[in-house]
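Going by the order they are written in, the chains are A, B, C and D; count residues from 1 in each one.
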Amino acid sequence: MLSENEIEFRVRYQETDAQGRVHHANYVTYFEMGRTELLRSQGLSYRELEEAGFFLVVAGIEIQYHSGAQYDDLLRLVTRTVKVKGATVQHEYEIYCEQELVVRGYSRLGCVDKNGRVQRLPELLRASR
Amino acid sequence: MLSENEIEFRVRYQETDAQGRVHHANYVTYFEMGRTELLRSQGLSYRELEEAGFFLVVAGIEIQYHSGAQYDDLLRLVTRTVKVKGATVQHEYEIYCEQELVVRGYSRLGCVDKNGRVQRLPELLRASR
Amino acid sequence: MLSENEIEFRVRYQETDAQGRVHHANYVTYFEMGRTELLRSQGLSYRELEEAGFFLVVAGIEIQYHSGAQYDDLLRLVTRTVKVKGATVQHEYEIYCEQELVVRGYSRLGCVDKNGRVQRLPELLRASR
Amino acid sequence: MLSENEIEFRVRYQETDAQGRVHHANYVTYFEMGRTELLRSQGLSYRELEEAGFFLVVAGIEIQYHSGAQYDDLLRLVTRTVKVKGATVQHEYEIYCEQELVVRGYSRLGCVDKNGRVQRLPELLRASR
């Protein structure tokens, strides 16, 4: 199974701020899009995971900002699963505008049931690395 | 009961866009804050309404933009209930920066149950006009 | 030139709210994406328009909500130029999830220069209808 | 001068997601509000800093999520300046709902001029620790 995926998307005007660049909070949302599409490329659907009672909650985020992106820039996001263990999955992200690195990020997600109790990741997801 | 309420809040940097003004979508979110606080001023809590099984869903929004607001502007939002009937409630909104009108808006909300079926507004809310 | 364009995109998790549907403010952002891509399909770039000193500011928005969209729904947005006159351009929007109409919207935009003074729309844009 | 500040604010409905909690990207925006108000409590205005040609750009963000916040929760955000040196300022953030820690975060900001060139933080800001 794939443990890396790449998507491209354009910066929306709404995502910019008065400095004329993408507001730094939006990269967290971009990362989430990357995870959704990484799962899909593995034949999984996060929506179906939730419907099956597996909820991924974000436990930690880290972002290093290297340059700024502007409205209408075509960004390329590389999402990688770097660790899957028990109830936890870690991802790494890189966002590029053309050849330039814009941000690098990391996330740690935990798997819980609908009552918020920690549960092991579903088999399919653990096998996806 | 009060059918009008006023709140003040500051524009967040994240709410601006590359034109240096509040992005026009954010006024929809401001209106929602106004409704929450109008209800609270009437002794009601929208959170408790939902917990009691009454969900308000937005059926229509209209906004006229008169001027722009900037980061850190202190905005004043006046929210008014203009009609309450059956399962529907209509509000009117005005946002000012100092004495200048920034936007005027209107919304129409319908009351549904947790399955999305239309239901009459709770008695308290109908009486609130 | 084309006066209508269609795009498809997926609902992001961040765009949902506690009712489990797309928060109603996000449709305003979707409309903006539609305008950007309508222009691009006409051989124009809104980013280049701004660089050339033509800024489009939103003067009015109207939205009718017909149904709700969920996380990961694949939405189809039809954007139409309905009127171009002097310094003003009007668009109409329809968003569908499969065959179901989710929202219909309208916007009125005015063209200003970098100092916020009204100016006629650039020739190319007026010819685009 | 104060190097710590505390603000209170309510969770907006728009800030929640389909899991019924504040979407994790919004904490980045909350931190920014904290910085704005920390500066204001020191007699400074970030808006005036920008008007004077000092732009703070975010170089790094780290967030640890401890619990979730819901719509209408009254959150308390403590913002602390932890290091000011040359062109860089570091902050620490804690967000509480009643006595419970919701998130803890860190940011590193760099000071640039309007052309994006690194410049020393203004004297007032360096003295603010």
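Note that contacts are C-beta pairs under 8 Å (C-beta built on N, C-alpha and C of every residue); 3 or more make two chains touch, one makes a residue touch a chain.
Treat the numbers as computed from the prediction; the structure is a model and nothing was measured.
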**Report entry** Relative to subunit C, chain with the most remote C-alpha centre
**Finding:** D
Query raised in the report: Comparing C-D against B-C, which pair counts more contacting C-beta pairs?
Result: B-C
Requested in this report: Measure off the straight-line distance from the CA centroid of subunit C to the CA centroid of subunit D, and report it in whole Å.
Outcome: 32
Query raised in the report: Roughly how many whole angstrom separate the Cα centroids of subunit B and subunit D?
Result: 27
Query - subunit B and subunit C: spacing of chain centres that average the CA atoms, whole Å - result: 23
Report task. Would you pick out the residues of subunit A that each touch at least 2 other chains? Result -> 13-14, 25, 28-29, 32, 70-71
Requested in this report: Could you draw the chains as nodes, link the ones that touch, and say if you get a line, ring, star, complete or other?
Outcome: complete
Report task. Spell out the residues on subunit A that touch subunit C in their complex, using ranges where they run on. Result -> 10, 12-14, 28-29, 32-33, 36, 45-47, 70-72
Query raised in the report: Inside the complex, what are the residues of subunit B that reach subunit A?
Result: 13-14, 16-18, 20-21, 23, 25, 70-71
Query raised in the report: What residues of subunit A sit close enough to touch subunit D in their complex?
Result: 19, 24-26, 28-29, 32, 50, 55, 57-65, 68, 116
